[in-house]
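Chain IDs A, B and C follow the sequence of writing; residue 1 opens each chain.
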Amino acid sequence: MSTFAQPHFAAPCPATIKVPKSFGWLASLVITLPMLLLTGVLLFGGLEAFRNPDLLRLGSLLTVWLGLNMVFFAMMQTGKTNVFRSTLFVIIAISFVLTFIPNLIETRGNIGLTQTDFIDGKTPFCHMVIPMVLIPAAFTKTIIFPGSLLTGYASIGSMLVLWLAASLTLGRGWCSWVCFFGGMDEGCSHLLKMPVMKTIDPRWTYLPLAILLVIVLASAATLSPTYCEWLCPFKAVTEFESVTNVRTLVQTVLFVSLFVGLVVVLPILTRKRTQCALFCPMGAFQSWTNKLNIHEIRVNREYCSDCGRCVSKCPTLSITKESVARGCALSSCTKCGLCVDECPRKAASFHVKWTCAFISPRLARVLFLYPAFLFMSAIGGSMMVGALVRILRLIATGSMF
Amino acid sequence: MQGIETITPGLLLGFASGATCLATCAPVLIPLFLGEASAPRKNSILLVEFLGGRLCGYLFFGCAAWSAGRFVFNGAALGARSTGYVTLGLGALMLAYGLLKFTSLRQSPGGAAAKSHTQCLVSPWRARWWLRDCPRLIPAALGLASGLNICPPFVVALSQGATSRSLAGSLLFFVSFFAGTSLFFVPVPFVGAFRRHQALTHAGALAAILVGLYYLYSGALHLLISAT
Amino acid sequence: MTQIKSILGYSLAFFGIFAAMAAFLGMPSWAALLVNGFGLKVSPWYSGGEIARVVDHGTYQTGIYKPVFNALIGQRSVGFVQVDWSKKASVPAKIDEWIDLDGDGNPDLRIEWNTLNDAIALTPATPAIIGLKGNYATSDRYIVRVDLRNEGKHTK
């Protein structure tokens, strides 16, 4: 490997050894067994689910638990990451909508937020708010969000803990493994086999940073979460302030337009996750946590034929020709694993920083997939259980509630 | 206290155009750092001197804008309709500036030097030559020269300062504008700060467009309220 | 050195698995530690702020809050003050009360609120009162918010 292609932080490597990226049946089973146990603990919450047995819920829990672990086993056995991750990710996004909206209707009566809900602190805290609350929290020790600090559904404290832990362990892997919104534009990006719009000006990838800069400062200055109030496309499928005046009308039009444009139409036309790559300020924020995180994607220059497949396939425009020449992905990489799966010469692989590159890509992959899959199972799993319960209830009784 | 109503637009405006300010000042700052210091600590001291000079330039403009405003508007507070028109105009100016900047960046792929839409009243290079016998003053003088700078965001800041009711308000606005732009200078003393120059320039142009759109909305809302 | 860095790298990666488990299993404790450790609260612009005084009417109470002018640094020139009546079930259907915001013995405003048809009237008694910001019936109380000019005295 040339010194030019070797990033400064990588340890010098002995002669590159090509190793298989998948495991045999037995090894895959052995690796999956601890995951079976850990996801069991997280999903069942100890023995809580068995103490008060609701058959519908228990059945859904068992189904989701087994399903998740079968997917993990398949990841190990086939050596493929993205195809399984992407499927789960889309299912989780759909499950989120299927659980969140009925949940709001059950607890609040409707999905439209009123000032009374704000005062009551009944708004679930979402990770998109995190970049905006940090400066006001540092200056005023207050959280500029009308939620609950410690109690209730998606409390501020629990979401902050979750984000901290996920950022430390996954970096921007958050965007492909934890974020329950990301699966929506990812799902739409799979709808056409070939993109209609084949190129995106890479300069638009700076837009999330621009939005982040503006909203962080505007939120600090106005002491309100400006992104949630004005720009969040996912308000269209979660909750937004009831339309009572010109301001709320403008906001609602913006939410719906951004959702239709960025989450539905553009992903279909480009086969890219346009909301995540070209708009989401939380994604731009998470790119910085990638610097702290120990996992990354590396490209072995000895194997790479510069075919450009990873560049054209990357759903978040996080690999460029220049970054491939440097042997790595950009800091916006969400570690979805698509480039690793797609590379015809197996040049792209997961890598643990500071370790010798390309010596044990299987170990590096397992060490990343374990925490990533745990986060995905714990957060997405509970949503999948909730959605399955609602769907089964709808089939059995004709009502989701 | 005028507080947040004055600080908010100043900070927003400064933040939206800060990347551009950094990009404008980079040709001045990089040789300064390369020629006179290397350690982050010494670079930080140079930066503080540079920013101090810039602040003086901004305060000078704060006084000038307010004085001009008193002459033009005779100290009268603007009504809701006039505020709406002024805000619309500012928004259009910011939007045009952001679009122009972004378009010029599109024309120079690979992060090559973008077209400059700025013009310094006193050339930093001339300031450096004038002070060749007093090198200690050079960083502050360069900052002052960069502060006396006419670009669209600065024109917006001038007009905001001119409509301020008091001199303190105008100065506070310019200080917050300065604070907003200065945030972009913080990483400069550290290693590799200018490697992200291209990202900052693009993000700055796009942020100017966003703030321009916000001003347009805000102006339209003012007009709507005054009409009803 | 290379070996030490490799061991450190793999150890940190391995530690990630425990961090993920610990985050979920100890979630309530971590969250409480974070919130209490930093002394975090919900912004008074949403929560209404801290209660300044309670007027006891026997069956129900009137809560008068500290005015909210909080800015990122310093105070804003305009804010609001919250007044609430609880417990909701015991509050009379027609609220009619003079409110002394600053506790100086002189009433600052009068609220007349017919909670049955939601008709509400605000009578200011001091120039600091700008107008009604809103009235809300939550699950356990009736709340009124009044826009207020910051004259630097409503802070007792």
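What we mean here is this: a residue touches a chain if its C-beta (ideal position, glycine included) is under 8 Å from a C-beta of that chain, and two chains touch if they have at least 3 such contacts.
Predicted, not measured: the structure shown is a model, and the values here were computed from it.
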item: Most extensive contact between chains (C-beta pair count); value: A-C
item: Remotest chain, chain C as reference, centres from CA atoms; value: B
item: Chain B and chain C, separation of their C-alpha mean positions in angstrom; value: 37
item: Separation of chain A from chain C, taking each centre as the mean of its C-alpha atoms, in whole Å; value: 33
item: Of all residues in chain C, the ones touching two or more other chains; value: 71-73
item: For chain A, residues contacting two or more additional chains; value: 221
item: Two or more partner chains touched - positions in chain B; value: 4, 7
item: Residues on chain A engaged by chain C in the complex (per definition of touch); value: 11-12, 38, 41-42, 114-116, 118-121, 135-137, 139-150, 155-158, 160-162, 164-166, 168-170, 220-221, 223-224, 294-295, 352-356, 363-364, 367-368, 370-371, 374-375, 378
item: Residues of chain B that touch chain A when the two form their complex; value: 4, 7-8, 11-12, 15-16, 102, 105-106, 180, 199, 202-207, 209-211, 217, 221, 224
item: Residues of chain A that touch chain B when the two form their complex; value: 201, 203, 206-207, 209-211, 213-214, 217-218, 221-222, 246-247, 250
item: Parts of chain C lying in touch with chain A, wherever the complex brings them together; value: 2, 5-6, 8-10, 12-14, 16-17, 19-25, 27-28, 30-32, 34-35, 38-48, 70-73, 134, 136-139, 143
